[in-house]
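Provided herewith is a single structure, encoded as structure tokens, for subsequent inquiry.
Chain nomenclature is as follows: A, B, C and D, assigned in order of appearance, with residue numbering initiated at 1 for each chain independently.
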Amino acid sequence: MLSKKKIIDFYISVSKIRKSEEKLIELNPEQEMRCPHHYAIGQEVVAAGVCVNLNDKDQIFSSHRCHGHYIAKGGCLKSFMAELYNKVTGCTEGKGGSMHLIDTKKGMMGSHGVVGTNIPIALGASFYLKYKKKKNLSVVFFGDGGADQGVLYESLNFAALKKLPILFVCENNGFASFSHISSRHAQKDISLRVSNFGLKSFKLDGNNPVLFLNKIEKIISYIKKNNKPVFVEAKVNRFMAHCGQGEDIGPGLRSKNDLNKMRNSDPLVSLQKYLITKKLLNKENIKLIDEKIDFEIQAAVSYAKKSKLPGKKDLFKNVLA
Amino acid sequence: MLSKKKIIDFYISVSKIRKSEEKLIELNPEQEMRCPHHYAIGQEVVAAGVCVNLNDKDQIFSSHRCHGHYIAKGGCLKSFMAELYNKVTGCTEGKGGSMHLIDTKKGMMGSHGVVGTNIPIALGASFYLKYKKKKNLSVVFFGDGGADQGVLYESLNFAALKKLPILFVCENNGFASFSHISSRHAQKDISLRVSNFGLKSFKLDGNNPVLFLNKIEKIISYIKKNNKPVFVEAKVNRFMAHCGQGEDIGPGLRSKNDLNKMRNSDPLVSLQKYLITKKLLNKENIKLIDEKIDFEIQAAVSYAKKSKLPGKKDLFKNVLA
Amino acid sequence: MRKLSYLDAIREGIQQSMQKDDSVFVYGEGIEIASGPFGVPLNLEKEFGSKRIFDVPLSEASMTGLGIGAAINNLRPIMIHFRLDFTLLTLDQVFNAASKIHYMFGGKLKCPIVIRATVGQGWGQGPNHSQAFHSIYSHFPGMKVVLPSSPYDAKGLMIASVFDNNPVLFLEHKSLYNSVGLVPKKFYKVKIGNANVLETGNDLSLLGFSSMLPLMKKVSRELKKKKINCDVIDLRSSYPLDKITILNSVKKTGKLVVFDIDWSFCGVSAEVSAFVSEKIGSKLKSNIIRITPPHVSHPVSYALEKYFYPNENDVLKKIYKIL
Amino acid sequence: MRKLSYLDAIREGIQQSMQKDDSVFVYGEGIEIASGPFGVPLNLEKEFGSKRIFDVPLSEASMTGLGIGAAINNLRPIMIHFRLDFTLLTLDQVFNAASKIHYMFGGKLKCPIVIRATVGQGWGQGPNHSQAFHSIYSHFPGMKVVLPSSPYDAKGLMIASVFDNNPVLFLEHKSLYNSVGLVPKKFYKVKIGNANVLETGNDLSLLGFSSMLPLMKKVSRELKKKKINCDVIDLRSSYPLDKITILNSVKKTGKLVVFDIDWSFCGVSAEVSAFVSEKIGSKLKSNIIRITPPHVSHPVSYALEKYFYPNENDVLKKIYKIL
């Protein structure tokens, strides 16, 4: 059973991701954050639902669309904003940018811009956790595009073979940049596709926040208890363009109408409704939470803006360890 | 229903593979064939059963263990022997050796020494066949080790997505060089593993020659009729070592006893028995067939021995087309 | 003659190749869709249909094999990558198969595949969205590697690549996409392996590739003010190198600066430098200079990119030392 | 001091590393089994258990990721490939991740993985079982690349590689496996980046790697008969290069021959040549010579291998021309 605290933490996480992204969109016209942005708006439930069940020693790995995962895992918001502003105080000191976020103290072990590349690296992290007899798990987030890569299948097999504590999370938003899943997958049910690799696989609805949270809590405790891998496909809707400020409306992509439908079933809104209906929070509580988040985000932006840019010496730092 | 002619051609093919390999083993002490040999002895049924259902315009692709596939597809025996003898009259003029056999006239489109690499190349051939509206198919042979490679899963998906005429044949002998399948696969049933990729998949017994022939005939005509890919896992026994003259007996490998059991259920012998029992051939017929094969092999060996070695100029031939 | 952008010239090269020969086909991730990255849209589906231009899964390794298997059957695939970086997923297919197929099968097969890829730069593309490593493609026997710097070359080299019988890496540079130049309407090839002498001078040879050309021209202009006249030569392909043009230029000037967008360590710039000094070292009037990014990964921050990519002032400083 | 074979020395280096630190583990295809290829058996399972030494599927790409994910968590993986050729399947993991991880995450992670691989040669190994392409590993920033030529170095460089905090390619050569030499019993490191001066002479510098050393020594012996004395220097690592030792030698002799098992075009041999001529070109008394296989794939036939691999006579002929 979900605790009240967990549901509220979950809401805070969803809201923080949404509001951070909206802030990025708002600030975009300044053209000061010079790196590609892949927004997670619409998909926040998955990052938040998974990470609210993890502790700092659990490790997560992510892809180009990583803002949400970083924030959900508790990654420092100041370092995040500073990184997006290309500053030396950013989480990679201006080296990695928006697609290579990291906060090792929080168990956010890095995101990668090459699709699928992080999947076996997360596998290695789960290998480490088992090797050192830690009671933790490793999680890798990737998209339906990530499921096109052969390393996924290699990694599923190995995770099952060695009984590693890893959760594979495929956020299926139906697109890989400009390719619809139907032009890439013979068989669109990804959880079914992998169902005979020797590990459990589930299909969850990332648009139904509480149901998702409920199920993912059980899955994560199954992994921790049994030291076994699990695969989860989460169906989600991406509200923004693949990259940047647009909406990716057009032939071969999606219609304005479809997008409106998505926005009308916004999981953030339905989560708020649920909280209120179930009397877990009232409107006032929600407002307070959101204001606190706004405040934190604003502080991070100020920090980022005030921070210094890296200098020539920094270019030659950390080439070899 | 299998025609008498097909069964006899099938026998000829199995026997020719066996006898060619045995000749290589016999000649090995000369140390004149200087390249690694991966014998198919014990596994011949798969190559023969598939290829007896193909014509010269159907294309096959193979791996390091390719002698059988080359011979079954009708590859020139002289060019084969000459290649193994490192001669300029060999099928690759001494460039590729035992792991890179080719006879394009017969639709043997090349074998590759890197495990799995040929799988998507065969996919490309099937793409070509469909593109040019040919009534043919492409076949790729690989081992259970080949099934470890991510490109297989990428290729299965694409073949199913584009409805390509391709037969994936996984010859599962339970080993990848010195690794038993149980130390590599979480889930040992390979045909099951791939069953949800959007194409049909079958598990066949490569040790039961006539049953295999029966089923593979139907599968190949299904592919030709429907322009759709199929995956076949064929369980087989490898009698020889992974590479060379030995038997690979030892801890972690297999026991003498196990090997004897394999040899005692030799598919070549059971095929001969079947032919005789069903009165398709009598002992005398078989003897005549086998003598003809011996003769052909001997001629190929003589040709190879008499052929010239490549010279310095040949080293620089065919670098660019 | 009309003017076309670099990007439109590539598109036209592809289009005319497809018109010329129906065994030419094109595929890549998201290329069917009108709004592709950097406006790379091809808009060729209407003309040629989804049989000849199509979208593929993010399965770079097997999709390279797809092209190889088609190419050995005399089709002429053009595989499109939005970043050269992603081709690192495909190098088994490229170097264990494509580049060797003609040789290792004794000439029985040819593999005329074009691997078209973009080098990114700017706007925080960073460590694995900006790499140029055509050196490693040039290192393996059996490959050709072309790097157009102008719209004219972009079209002509694309057509030459498509109709070449070897695997060709066709490497574009994002910063050149909007540059505009004269491009004939007709179907034409630019021969692979011929350098292009853009300016002539007796004092210094500036040789280089791709997006280095604008920098080289700026440097030449600056030097001209000081009465120093340069050969400015676009090498156009890193394999094969146009050895004759290179030697002729350096024999004349005695001083060589090699520009590349790839790193220098074991890079094409090292090869050009080694080749020249091994051939005519005693005729050199000063040490060769290589102008390339330093031996570090591509940083995201624009503040660091400033130091990472060679700039005019630094180049001039280095050149003044050898004058 | 005892004598050990090159192969046993590597084994002992691995064994002592595992004894020293239980975060060292080893994995590769078929390595658990006593009768591995070329007798590479490690026989370490009894001592360390299958947790620390284990067999893996033929999934080179993801198995490289496995090591990376472990390494960023401070384990010290040794991944074994029986052929360098097969690492072409892994280069996305190696160059888009391992070599960049320290840099692109601003120093937050280290990636101490050892990639151990063999270069094949002879007995028809052919085009994709014999390649040496450490140049491309040396090309990408963030990697180290070592190539031991003696049993002593094999052990010491293995230990140094395991305890280095960067990804290291440890490249062995099949033809050296049975060579025997003095190897201390103790745990010791050979510093990565230090060349080894094996012979000294004032007339000619012979620099090279790995299995080129036996050839270089033969050449030196032959030249000594003609009163020509050589520096014979084992460069030991292709990244970092020991620039000081290289320059000191060539400054002294004025004549350089670079030997490598990799191709020369954009190879490490090109880098050494370019580096030397750019630094002290004017002090050179003759053109630099690169001794490498020609720009073709590795043929299978022994009749062709004879011309493919550099041999003493051809090398001497080339050297006589510059004396």
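Quick note on the criterion: contacts are C-beta pairs under 8 Å (C-beta built on N, C-alpha and C of every residue); 3 or more make two chains touch, one makes a residue touch a chain.
Keep in mind that this is a model prediction, so the values were computed, not measured.
Steps from subunit A to subunit B, taking the shortest chain of touch contacts, total 1. In terms of their C-alpha centroids, the spacing between subunit B and subunit D amounts to 36 Å.
We define each chain's centre as the mean of its Cα atoms; on that basis subunit B and subunit C are separated by 41 Å. Centroid to centroid, with C-alpha atoms defining each point, subunit C and subunit D lie 30 Å apart.
The multi-chain contact residues of subunit D, meaning those touching 2 or more other chains, are 56-57, 59, 61-62, 85-86, 88-89, 92, 96, 103-104, 126-128, 141-142, 295-297. Under the contact definition stated at the top, the residues of subunit A that touch 2 or more other chains are 90, 92, 94-96, 100, 112, 114, 148-151, 154, 157-158, 161, 183-185, 319. If you sketch which chains touch which, every chain touches every other chain without exception. Taken together, the subunit A residues at the contact with subunit B in this complex read 148-154, 157-161, 183-187, 189, 192-199. By the touch criterion given at the top, residues 59, 61, 90-96, 100, 102, 104, 109-110, 112, 114, 117-129, 131-132, 138, 150-151, 154-155, 157-158, 161, 317-321 of subunit A touch subunit D in their complex.
Remark: subunit C residues 25, 51, 56-57, 59, 61-73, 75, 77, 92-93, 96-97, 101-112, 141-142, 144, 165-166 touch subunit B in the complex. Residue ranges on subunit D touching subunit B, taken from their complex, read 29-30, 32-37, 54-62, 85-86, 88-89, 123-129, 294-297, 299-304, 307-308. By the touch criterion given at the top, residues 34-36, 86-88, 90, 92, 94-100, 112-116, 145-146, 148-150, 176-179, 183-185, 243, 248, 250-253, 309-312, 314-316, 319 of subunit B touch subunit D in their complex.
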